[in-house]
Structure formats: structure tokens, C-alpha cells
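Once you scroll down, you'll see the structures, which are given as C-alpha cells.
Two complexes follow with subunit A in common, the first pairing it with subunit B and the second with subunit C.
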Partner chain A sequence: MSIEYCMPSLGADMEAATLVEWKIKPGDIVKRGDVVAVVETDKGAIDIEIYESGCVERLLVAPDTRVLVGAPLALIAGEPAAATTSAVPTAPALEPESKPEPAPTVAPAMHGHVKISPAARTRAHALNIDIDKVHGSGPGGVVTLQDIESAATKPKPSASDSMKAVIAAAMARSKREIPHYYLSTDVDYSATMTWLTRRNAELPIEQRMLPIVPLLRAIVLALKTTPDFNGYFKDNTYKPSDAIHLGVAIAQRGGGLIVPALLDAQDQTLAQLTGNLRDLVNRVRAGRLNNRELSEGTITLTSLGDGGVDSLSPVIYPPQVAIIGAGTVRERAWASEGKIDARPVLTLSLAADHRVSNGRSGAQFLARIRDYLQAPEKL
Partner chain B sequence: MSANDLQSTILRLLTDVAPDVDPASVQADVDFRDQFDFDSMDQLNFAIAIHKAFSIPIPEADYPKLASLKKCVDYVENKQRQ
Partner chain C sequence: MTYREAIRDALREALKSDARVFLMGEDIGMYGGSFAVTKGLLAEFGEERIRDTPLSESAFTGAGIGAALAGMRPVVEIMTGNFSLLALDQIVNNAATLCHMSGGQLPVPLVIRLGTGASRQLAAQHSHSFEGWYAHIPGIRVLAPATIDDARAMPGLALKCSDPVLIFEHIGLYNMEGELTSSWPQADIEHAAVRREGSDVSLITYGASLFKCLEAADALAKAGVNAEVIDLRTLRPLDNETIFASVRKTHRAVIVDEGWRSGGISAEIAARIGESCLYDLDAPVVRVCTREIPVPYPRHLEEAALPQVAEIVASVQDMMGKAA
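Now for the complex of A and B:
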């Protein structure tokens, strides 16, 4: 009995992706969770995983082919030894990309024989230029950014533009469909910052923690007792999620924005969150994420801490039901017990879906996050 | 290591951390943050890379001393002389 392995969705507004590379061949044994292919999307090159275990029977799509979400990519025999041909449906005709160039990719191995600077590669990708055909004028024939700019004789829409279109569609849908409500609270961050400075001073540099990590952990702990903010709203029904896949909005140089999730954050210690966040950011920068990270986020944190703003009113990423905004941790006047002094303060905001939760539970959720941050040693 | 070698090594570490930055476009005197949206995670990754490449301890309070290419070259030279 054969199972069709289909192109997974990599986010609410993705319609298709281009197959770049197969990581499997007929006869290979695969198990659930294995990375089986690399596809190219508006969000960069994405590793896609398989959801079934079995034996690869046949690959239905060749590299450089654009494939719609849900269209079959390969046939997998459920039992490793039971490969048959009788149950195999005819592979549907899939349109190859109209342009003659090979599918562009940001994965370095794909053009290993061309010497090219990473920025030039990114630019070539954005401009949809075949780097094999670009003459390199740099030292040792390296293709430079200037070479790519020169090769771009006529303007084409860039990847950044199409990513902006995807973000625009998701945000417009969110504002059209989701009745947002907004709450915010100021958090005295002095306990967390003092604890963090002392802790980081004792640790080797690789294990030092950014101020956002205790916040990630506090959000996870608060979600365990306020489940109305972690899950999906689909088909007029809210489905809370037991797993906490915490999306983190990461800005890309050049104007893109990507929201991959820290998968199963509910089980992660501060040290694990530190390592996994760094790994996630590094893979965003290199353009290597996987499909689950892009499609399974259950709630999002967006931090503008590096942007210098005090607070923000974020837009929910559908089908999620809540997003938390964090401003800059900044020294401000803080009144407490009849006295005013200067303390590092973080303004946290919450935008949540009023079909699922209300101001009272939202206030409770924010208050719990705030309380956890007053005792960072217990996080 | 000459000042030039040092600078090109640091430039390579920078583009390892931020592969989307063109090394030819980096201005030595301007802070990375102001040139190409270097965020706090990039800054930490860059400090880790410098620490590993030159085997020098970098306390958290010194991160601002790595803010631009020139500052970074000066910092590593100073540390290596100590």
C-alpha cells in the first residue's frame, strides 16, 4: 500500500514552493521526522520533513519544479518490503518553472563550484540571477555583489518583495478576521537584569544568555496556567495546544521578517532555550529552516528591544490567537513603596483574539509573566 | 599577525555571523548596528567568534568595544599585547 507524500504548507499564505533537492532516493528507508527534501520559498531554502515511515517507492517530482501545497511529491510504501506498482497512481503533470534558470537557492552547497560572496549570493537570489552565468571579477574569480548588480540588466521582482507580499497578505487577513484587543504592563526588570549580569559573568561566552531568554521562559510558564493564548483558531473553533511552539519574530536585513518557532518550548530549560534561540537565529541568517518551525507556531513573541521603542501593539499571526510584544529594557523612573528610583523597565504588551479570550484572562496572563520575571532564579 | 591580516580575519568572522553582509561594503569606522541592523544576537555571536578565533576572554561589559571593525581590531590588538 503506497502513501502519497505531499508538499507541506509552510505557513498560512504559502501556495507553492520549488523543489530544490531530494535528500532521498527510491529504496531508501525513511522514518517520521526525517528531512527528505529542500524546497525554495519566499522565506528561503527550507528543509522539509516526512510524516510517515516506510520505504521510498518513487519520486514524482524532479528538482526545479514548482509544486502546489498539497500536491504529491513522492510515493512511500508503508511496509519497507511491500513495494508494489499496482497501487501507484499516475503522477500528475506539474508545471516546471517558466524561467529557464535552475531554481535559486541560498544553500551554500548547491553552487559549490562557483566562488561567490554570501552577500552576492543573497542578492543574486533576490534578483533571480543564475550565478553560473555571472563572470566573477573579484580575487580568484569570486563573484562579487557588484558583478551581480551589473548582471541585473532589467529589473525583476525580488524575493524580498514577494516576502513582503506574503507578510502583507497574512497581516491583512489578521486585521480583517481577528477581533484584536490590546493590553500592556510595565515590568520592573531589575531582578532579572541583576541575576543575568551575575550569571553571565560566571559563564563561558557561549553559554551567556540574552535578556530575552528569561522572558521566553516566563511566557512558557505563564501559558501552562492560561491556555487561552496558545493554539489555533480554525473553522470557528479554538483548539488549545498542549505543546508550546513559541514563534519568535526575527527581522532580516533588507526588510524581510520571519517568524520561526522554538518547537516544544514547554520542555526547555533556560540553557536549552539559549542554545536553541541562537541556533534558530543562525539558521534564519543562513536561510535554512524547516517546515515545522515555520508552520507550527502556537503563539508569537515579537521584540523590538534593539529598535529603541518602549512599547508596541503587534498584529496576531493567523491562525494563532495571541502575540506578545516586548519593547526596549530601559532605565525609567519607578515608584514603589512611596519612593521613586531609577530601574530597568520593560513594557510588555499583549494582542489577543477576543473570540477566544477576554481582557480579564489577558490581564492575568500578563501579570503571571511579570511575576515570574521578579524571581528569575526560579525560572 | 599584521594589522591587515587581523582586519581580514575579523571581516571573515563577521560574514560568518552575518552571511547576508557584503564584506566589501563594510565601513571600518561605522558601528555594525548602524550599517546593517546588527542585533543583540548578532553581537553575541560575533563576540563568541572573536573569542574562539583569538582565544581571548571577552567579558560582557566589553561587547560595546566590538561595535565596529576598527574598534574590534584595536580591541583584539590590545588584548593580544597584554
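Now for the complex of A and C:
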């Protein structure tokens, strides 16, 4: 009774990752959610979790091996009644009829389908070139020695280049497939700023709250009553999500942009959001995010607050259905109750998927966020 | 000087310098040899040393073996490789074995000269290339001179050898004219020769096909392909080192052989390259051989059956993925 633990997909555009490190060894007892390995993807080093509970029977892949999404990484012996709780009744169901073939002791042959000459293969190995990425120019598309030499002289795409490629693919797909509509509203941020200043004055520096945190909380609260903006559009169907995994666009060192999610933000207080956001930023800098954070975001907030722009029209990250853009909180002339004065104002924008929601519900959603920000003490 | 004259000069020198040397074969004396190689030697050296024989390859080859065992240095001419099959028992069962069966006591220093190959419209019974067969047999050496220098040098080198030596002289080369170079005395019968240096593909050949390969290399050079041409010179023992060094440099090998492909010397060379150079190969080994039919008589069919320059060029371009 073994279950194959396979390379998870850490994003719609991920094809493979390189195993960096095992955190488990044969004989270990693992339970669902445990971090079992670190893999290197286009997005950086990522902790991957296991979805099954049981005993590690065998590791099938050695570190430094590139593994396709869906290819087996380890065998987990299911323990139906003994060590695990009955909370995993699905495990036996995952086990199909007996598997006649013994599990491979090495990674599945990544290169099995590549036609390559022996000399080219030898040279590619010596130069540490991934032959999957080399275009074959020989007869019938065979990869020749010359192809390898040419590939070797080309600069290797850097991690940030490949991340750019991933983002490019996701953004192109978004604009190709998702009928966006855009709304925006100006939010009087003076109540929030006043409240924030007073509150932060009482707190030690490391616990002080960034101006974005009340906004995060306001989004979470607004989503609870407007569910058309939190979930995934897949296979022509919208599946709203009960959990709110709020993706936050964070700039990386070296220029990349990454959107990890604050998982289960629906249950977090302002203080928890503050701590978790700080933790997330630190781990982005360290390049240590886990797979769920990168793949399970249900909605995204992108803030150009430090960029000096007033408003933005963001692009939805598929398969999500909405993204909120926040501009700079800046003093602007604000007309209210018959007079004009200077107030800190934030322009919030919403880009949403018109297959799922419409301008009316979008306007409601934005209005609710705005209203929550008028009473920050209730957040 | 022609190839024919180069061999004649070599034989004349051997006859002059070593009293044990004598020639034997069909029509080599009065007639001067079917391909006129021995023309004039009867008048020069007399019937004792230039001996016409009855039409029995088995008998006079056997007589040559006996003479060699008795201390002479016979040079037997067999008109064509096809006819040598009548002497196969003498060559394979006697000449090749006696030294080994006697623990080295009975070496057979016999030289057999044979015409080989097609191109002269002599039809299937006079045109086949059996040197690859003989290269299968331990105990003999098999030489295939292609150049004027080698034609001049190899008979003398063969006579210095204590093993039976078969010299396959391509009948299409006898009229070839060329200058003897000053380096012919340095020739040996151990090594293949790089006749043209190149970096992109090794054309491995011998005998008359050498000149087709050189012509193909010229044509390929115009298309930007730099072909190396290896003249094997000796088919047994094969010079592995020269072949492998070339293939390791160019990463591609085309073997051009006037013999048939199945079980031929081309198969042996391809196998050795596969055994020793697999990880240096950038393309499958290619063979250009004679069509697997008895060589036809009509000129156009004979030409179609044999390896030709255009086919060699096309094979190289195919393996390199370049359009002709």
C-alpha cells in the first residue's frame, strides 16, 4: 500500500523543478501539510508540503535532479488505521489497482524523448546544459554537438529572466482569456491615518503597522459579503473560495515581482496580518516561500504606494478573478460637506473578471472596502 | 608513371635484389599479364623467374605456398579476386594457418597479387571486391594500395613480411598516371593514411574509392563542409588508431567501400567505431557501398551499382542535415 508523492504544481506555468533538499528520510512518519522537501523553481527555492499522511517508504529522486510536475518524488506507505487519524479516508481511494511495475529508483528519464547524438549528450553533460531546452538542428530534429556548443555560448537565462518569462506567460494568458473590467474610487484615508498614527505611537517599532494593513483587513471583510471576487475561474466555471488567501505583490531584490499569499487571511486580526506580512516580506527576500503561498492565492492586492502613482489598472493573475490596485496615499484637495480641505487620499482600483462579476457588484465591493476604512477602529 | 608501372618497378627491384624472388601466374610471361603488369619481365629475367602457369589457381597458389615454405620468396599473380576463390582453400586453410599450426616453425612468406573491383565492364565474374572477405582471416595480411607511392612500395614491403600477404590492386587504377613522390620509401604496411585533413566528417575508404572520396571532399568544401579522407591502405590488420582519432575529431564517419554492405569490411569498421567512439559520434555511421547485386555488365548499370561521388556527397549532406 504505497502512495506516490509527486512533484506538485506551484503555479499554472510551472513545468518542472529541481529538488534541492529532502527534509525527510525513509522511515519518517509524515502527516498532511508537513514540509518534506525544498525545490528550486523559476520563482526561487520553495518548501513543498505533502498531501498524504503515512510513513516514508522510499525517496525516488536524489537532490539536484530536475523533476517534471506530476512525476513521483517519494513513496509513502499509507497507514490506514494505526498512526494517522481517521481524517484521511481518501488515502486508500487514491490507490488504484496493484501496480505491476516496480517504482523507478531514479528520476523518470527527463530526456527520454529528446533525440540527441551521443557526442552531443556527452558534451551537454560536461557543460551542464539542459538538453530539453536545446533546439535540435540535425536531420529529423536531432540535437547535434553544434547545437550544444551554440547553447553553451548563449548566456544562460538567469532566475530573474525565467521569472520574467513566467510572469509574461501568466499576464499574456490573463489578457487573452479574461474579460477585465475596471472601476476605481477615491478613499478618504484621513480616519485610517489618524487612527494608525495614534496606534503606532503606543507600539514598539517592530509591531508598528504599515498603512497597507488596514486596507488588507478591509478587503478581507468586504470579501465576506461580496464573494464574487475571491476564488478561481477554471474549466469555464467559477469556484468561490471560503478561505481568503490574499496575494500581495512584493518586489524582490534584483527586480522581480512575486505574489505570495497571506494564507487564511479571513481569520487574522490586524496584529496577525502585520506579523504575517512582515514574515512574508522577509521570506521573499530570503527566497524561502512555500508552495501553497505561491499557488493558492484567491485574490491579489497590488500597491504602487511607494511608486508615486495615484491609480493603476492592474492585470488579474489567472485563475484568480480579481485584483485590487492601491495608489499612493497623498494629500489631495477633498470636497466634503460644502467645503474643500486637504486630506490623505487613496485611489483604489479594481480589475475583475466579467465572466464572474459585473460592474455593479464590483462597485459594491469597492464601496465596502472604502466604508470599512472610514471606521478603522472596527477593523 | 602509371600505377601499373609502379608495381612493375617494385617487382623488378625485388627480382634484382633478391634471388629468391620469382613470379608465377596465368599469362604473366609471354603475354605480359592480363593487365600488363609483368610486361617485359620475362625478357629481362627469363622463364625460371617469370613462370606462366596452367589455369589452376589452386595448383599454382599451392605451389607458391610450397616454394615459400622451402625458402623462396614467390609472388603469385591471381588475375582477379573472383578467381582467387578457386584458391581459397590454399590461402585460408594452408597459407594462413601453417605458421600458427607449427608453432612458428613454418612461416609462409608468400605474396599474392590480385586484381580487384569493377569499372572496366568485365561483368560479375571479374568485377567483385573480395578483399573484405580476406580481411576476415587471421594469419594473413591484406593490402590495398591506392596511390602510385603505395603501388611502388607495397610489393617490396610485402616481400619483407614473413606472413602471407595479399595485395589487392584495383583494376580501375592500373592506367592511373601520377608522379612518384620522394616519400614513397617511407611507406609502411601498418598504418592508414590521412589523405586530406578535415574537421566535419571522416570519409573512410581504400583503393579506387579513395579518389571518389577526394573528389567528394572537394565538392563538399565548396558547400562549406570540411571532409577528412582516410585511406585505410591495409585492411588486415586495420589501423584502429588512425580511424578513431579521425572520428573523434570530426564526430561523423562515412565509410565508402566497393564491396557489398552486408558483412563487409564497412560493417567491421562501423562496428569498431561504435564500440570505441560511440560517445564521440554526432550522427549515425553511414556506409556507401556497392548495391547488393552481382556487378552488372552494361556501363550505366555498372556505374549505378558502384559508390559514386554524388552519392558520397549526398550522404554527407544528409547526415549533417544540410540540403544539397
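One rule holds for everything that comes next: the second predicted complex is superposed on the first by the 303 of 379 C-alpha atoms of A that agree within 3 Å, B and C clash if a C-alpha of one lies under 4 Å from a C-alpha of the other, contacts with A are read in each partner's own complex, and residues count from 1 in each chain.
In the analysis below, contacts are C-beta pairs under 8 Å (C-beta built on N, C-alpha and C of every residue); 3 or more make two chains touch, one makes a residue touch a chain.
Note that the coordinates shown come from a computational prediction; the quantities given were computed from them, not determined experimentally.
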Is A:V281 in contact with subunit B, with subunit C, with both, or with neither (first, second, both, neither)?
first
Looking at the overlay, what does A:L145 touch: subunit B (first), subunit C (second), both, or neither?
both
Looking at the overlay, what does A:G305 touch: subunit B (first), subunit C (second), both, or neither?
first
Under the stated touch criterion, which partner chain does A:S117 make contact with: subunit B (first), subunit C (second), both, or neither?
both
Who contacts more of subunit A, subunit B or subunit C?
B
Is A:R208 touching the first partner subunit B, the second partner subunit C, both, or neither of them?
first
What is the contact status of A:S137 with respect to subunit B (first) and subunit C (second): first, second, both, or neither?
second
Is A:N291 touching the first partner subunit B, the second partner subunit C, both, or neither of them?
neither
Taking the stated contact definition, name every residue in subunit A that is touched by subunit B in one complex and by subunit C in the other, in rising order.
117-120, 122, 144-146
What residues on subunit A touch subunit B, complex-wise?
117-120, 122-123, 144-146, 197, 200-201, 205-206, 208, 210-212, 251-254, 277-278, 281-282, 285-286, 305-306
Under the definition above, what is the set of subunit A residues touching subunit C in their complex?
117-122, 137-139, 142, 144-146
Under the touch definition given earlier, write down the residues of subunit B that touch subunit A in their complex.
15, 17-25, 33, 36-37, 39-42, 44-45, 47-48, 51, 57-60
Touching residues on subunit C, where the partner in the complex is subunit A
251, 278-283, 318-321
